[in-house]
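Chain naming follows the written order as A, B, C and D, and within any one chain the residues start at number 1.
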Amino acid sequence: MTGAPAVVPSYSCTIDELMVVAFSRALANDTRAFNGAASFVPVCAYRLARRTHAPELVWAASSIAVDADPAVVGSSTLSDELWGGASMLANSPADFWTYAQGARYNTFAFRGAQMDAYGNVNNSVIGPYHSPKVRLPGGGGMADLGCMIPRIYLWSTTHGPRTFVERLDFRSGLGWGDGGDHRASLGLPGGPRLCVTSLCVFDFEPETKRMRLASLHPGVSVEDVQSATGFEVLLPAGEVPITAQPSAEELHILRTEVDPSGARRREF
Amino acid sequence: MTGAPAVVPSYSCTIDELMVVAFSRALANDTRAFNGAASFVPVCAYRLARRTHAPELVWAASSIAVDADPAVVGSSTLSDELWGGASMLANSPADFWTYAQGARYNTFAFRGAQMDAYGNVNNSVIGPYHSPKVRLPGGGGMADLGCMIPRIYLWSTTHGPRTFVERLDFRSGLGWGDGGDHRASLGLPGGPRLCVTSLCVFDFEPETKRMRLASLHPGVSVEDVQSATGFEVLLPAGEVPITAQPSAEELHILRTEVDPSGARRREF
Amino acid sequence: MPDGATIALGGLSMNSAPMAFVRELVRADKRDLTVVAIVAGMCVDWLVAAGAVSRVVAGLVSFEGLGLAPHFRRAVERGETTMEEYSEHLLICRLQAQARRLPFMPTVAGLGTDVPALHAGSGTLRIETDTATGRPYVACTPLAVDVAVVHVHEADATGNARVHPKLIWMDSEIVNAADRSVVTAERIVDNASFTAEPHRSSYPRFMVDAVCAAPRGAYPTSCFPDYGHDDGFYADYVAACGSPADFGAFWERRIAGPETWDDVLAANGAAVTDGRVAGGST
Amino acid sequence: MPDGATIALGGLSMNSAPMAFVRELVRADKRDLTVVAIVAGMCVDWLVAAGAVSRVVAGLVSFEGLGLAPHFRRAVERGETTMEEYSEHLLICRLQAQARRLPFMPTVAGLGTDVPALHAGSGTLRIETDTATGRPYVACTPLAVDVAVVHVHEADATGNARVHPKLIWMDSEIVNAADRSVVTAERIVDNASFTAEPHRSSYPRFMVDAVCAAPRGAYPTSCFPDYGHDDGFYADYVAACGSPADFGAFWERRIAGPETWDDVLAANGAAVTDGRVAGGST
């Protein structure tokens, strides 16, 4: 489902590791995060951040297991295999949804089959809604958590023009909406902060709330990103930096403690 | 707080026993009840009914302990002393209030410092609301459960003209409201069924929804009830029956199994 | 469970769906069901494959990283089954409005997305404005459910039921909303098991209308801590969906054909044992 | 906790109120507090007796069958303290609207009673009509709370906390609504105690801003199964309220005067032991 060009980083790390580390470094110590299905990159990023620069970071595995610290990441990010070491198993209706609505959980990451320049996502249909070319799973909690959670992160392991589109076929989950102050005008907190892809890292231009290149992965050019992106990519003032290389310590922790079985590679 | 005339039943039971049994007999097998504070008469009635004619009756002690079957009734009907033998301790916000709102619990009993002919109650103030003669505790859950629960029972151990009034100083809890179809017009289910007092049992006249004498306790006359009641007491067609005498079995079960410590007498 | 009924299925994604019960629906040749499932997958796909479903009311139907739900996908693309799509929380709010006998439940979920507009015609969701603050919200109207079916670890004969180590997913929302509820249980236990630990009960007997013993009844979804989902079954299922003939054989041999649920488990190498299901495809 | 703050107290009636914390407020000579308590009694009466409270926001304040709360009653009758009266569920709905960042929570509670009209002026409750069904409902607006204080059995140093055998009352509603939360705990335990049984945790650390050890900290209310409420204390308290002199002496000797909470317990014959408090008045 992607037309992304192959990227071979010139680093001693793989693209999954580069993405996890880039995501991880963006997370502050007061992050209180949770995850949904098939979210290996975010799960590894949360775990890595907690073991490096953000020791007080909260991660609720599957939105349920608060402060989980499992020995390995298994084949599902909703499985109880991920819940080892938790201090609390929260109940979804009474606890999770209250914490999410009150922004007690302040951080969530999602992605869609399509994403637009404002960080809105589509995971419902490709093609016309009522006679779709592809019926996708549905937005699940994206329409909810996109509205409730102030710090939204997006990621994509398939950066190509079919994923990053000018216009979504359906808006299943809210990013910055129509841009500008649209989100605030709905009374909703925060919005998307970063989008970490297989080619680059986007942030969001503060006024328009459109994706803007924040850094290029090694070996990727601005033109590579633009040609893999269906909307006009905003550029920062000055030269676009290269995504910072993971430290040896980060890589060691990621490979040996956070995700020794390499579950993060399931998304690639 | 009562001007009730003394009642000395000519039975081999006391008034508390007569009231508990009268209440108990009114409870159907599909009763799903719970109780609040200082509710000894209802608690004994639920327990007695379950042991006699209504074996499937549900009683949630303190609204929490489903199917509790304690050895004794203690000094508070909200105490964990009442929770022995329960099959479930429900959580109040997530479980109890959902069951109550959905009428999964279908039966509740309350009383007030004042009660009117429609079974509305006042437990908030005596006198003007903002400069009260007596500031009472407040309605607690009466305003809630009076609206949510289809089968409401009232009781009073102090049947006198200061309790049964023409006009409440404040309506803390809803019975039949203004009477007639008022309650249904608010979209609310059911309404009060009986009021068991220290002098008599009232039911509610089907059209007006006003209290109507259903039976007189032994030795009590219609005039006794009327003079102890601040509103006009409706009479049934024909002669007013005498409240049925408890059976020997009922008395035995009440005294030895349901409430061996006599907690029910705390209300008298 | 008549044809045309609205049935809500418990579980979340690859966890704790009442699969043994779903197979009984398949074998009973049900038709025209409306299936409510907040976050679902295999349970919906079986019912759609059997031609039992005219409408799916859900937030998500997938096999997570193991793929799309093939029959669901195809039936919706062909217009044979309607996907009445909500988000998780919008669906929860509709269930809560029903359970609590409220005209609606308000939420900010769905604001700014295309989801509410899908339901403007039916009126099941309405975007409204708070009169005091001017803030918009989505009013979620009650969703009536005829029967909810959930899978638990233990139940007694009267209907008391519990999930180990506690109820974490959203099954209580469908039980609370439904007119009637069916519990399938890994084990039927004595009531004394509940009275010994009443704080661990998940449902009281008066919320449960029927109890069925169904050991390993969530297979191939998980019922942790007892057993995990069976990756191998999912993979084989998705592979078989590549051709109608393959799927027909798979369906007959591993899902619909075996006489009993134990036979299904045996056909999938997942017979009831003390351990977790690991792999398990035959 | 500045003068003028809005503080919500946990517990229900004669159960699990954070009394040791309340005594600290008394000794700190707080003024002009707004006290939110869904169903309360002794905790409110102590604060009113100390002159700390300008407004009580509650559904019920009493000592159950043991009498009215004397200082609360008198202060409201004299106009010294305002009773902002709700029902239990109306108050819960206001707290839920706050916790969930909703413009309001709807309920049928209070319809047909005089309670909503008390708040028509302030607008904290509004009777509205559902646009689709014409059904009336009460819109309960958010109730902001500066600090919630709840008493639990066990907490760890990071703020994870649990109630035994489970959280049954409505304390989570005030914790969820409040900007900050304080937990007083019978026992401080290691985090390992939580990770060993994570399904039993009541609050995660990120909902708790401060933890204080307070053995027997709910006295004279209950903290079952550890100890029951102390009937004798309630009776002595009510009796002492008959005269200002008696109450002054009682207050000094048994509540406000003792140096530490342990001294309070000792003065009431309720020192920390392994058994339940039974009686206990000196």
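Going forward, a contact is a pair of C-beta atoms (placed from the backbone, for glycine too) under 8 Å apart; a residue touches a chain by one contact, two chains touch by 3 or more.
Just so it is clear, the structure is predicted and the values come from calculations on it, not from any experiment.
When the partners of subunit B are compared with those of subunit D, the chains appearing in both lists are A, C.
Of all chains, the one whose CA centroid is most distant from that of subunit B is A. By count of C-beta pairs in contact, A-C exceeds the other of the chain pairs A-D and A-C. If each chain is reduced to the centroid of its CA atoms, subunit A and subunit B end up 57 Å from each other.
Separating the centre of subunit A from that of subunit D, both taken as means of CA atoms, is a distance of 41 Å.
With centres taken as mean Cα positions, subunit C sits 27 Å from subunit A. Among the residues of subunit B, those in touch with two or more other chains are 89-91, 93-94, 97, 101, 148. Counting partners per residue, subunit C has 100-102, 107-108, 133, 135, 165-166, 172, 198-199 as the residues that reach two or more other chains.
If touching chains are joined by edges, the resulting network of the protein chains shown connects every chain directly with every other. Here subunit C touches subunit A in the complex through residues 12-15, 39, 58-62, 64-65, 68-69, 72-74, 76-77, 79, 83, 85, 87-90, 92, 107-115, 118, 133, 135-136, 165-170, 172-173, 222, 224-225, 228-229, 231, going by the rule given at the top. Put simply, subunit B touches subunit D in their complex at residues 37-38, 64, 75-76, 78-81, 89-93, 97, 101, 120, 124, 129, 131-144, 146-148, 170-174, 177-178, 182-183, 186-188, 266-267. Only residues 91, 93-94 of subunit A touch subunit B when the two sit together in their complex.
Within the complex, the subunit C residues that touch subunit D are 100-108, 123, 126, 128, 130-133, 135, 137, 141, 165-166, 197-199. By the touch rule above, subunit D contacts subunit A in their complex via residues 96, 99-102, 156, 160, 172, 176, 191, 194-195, 198-199, 201, 203-207.
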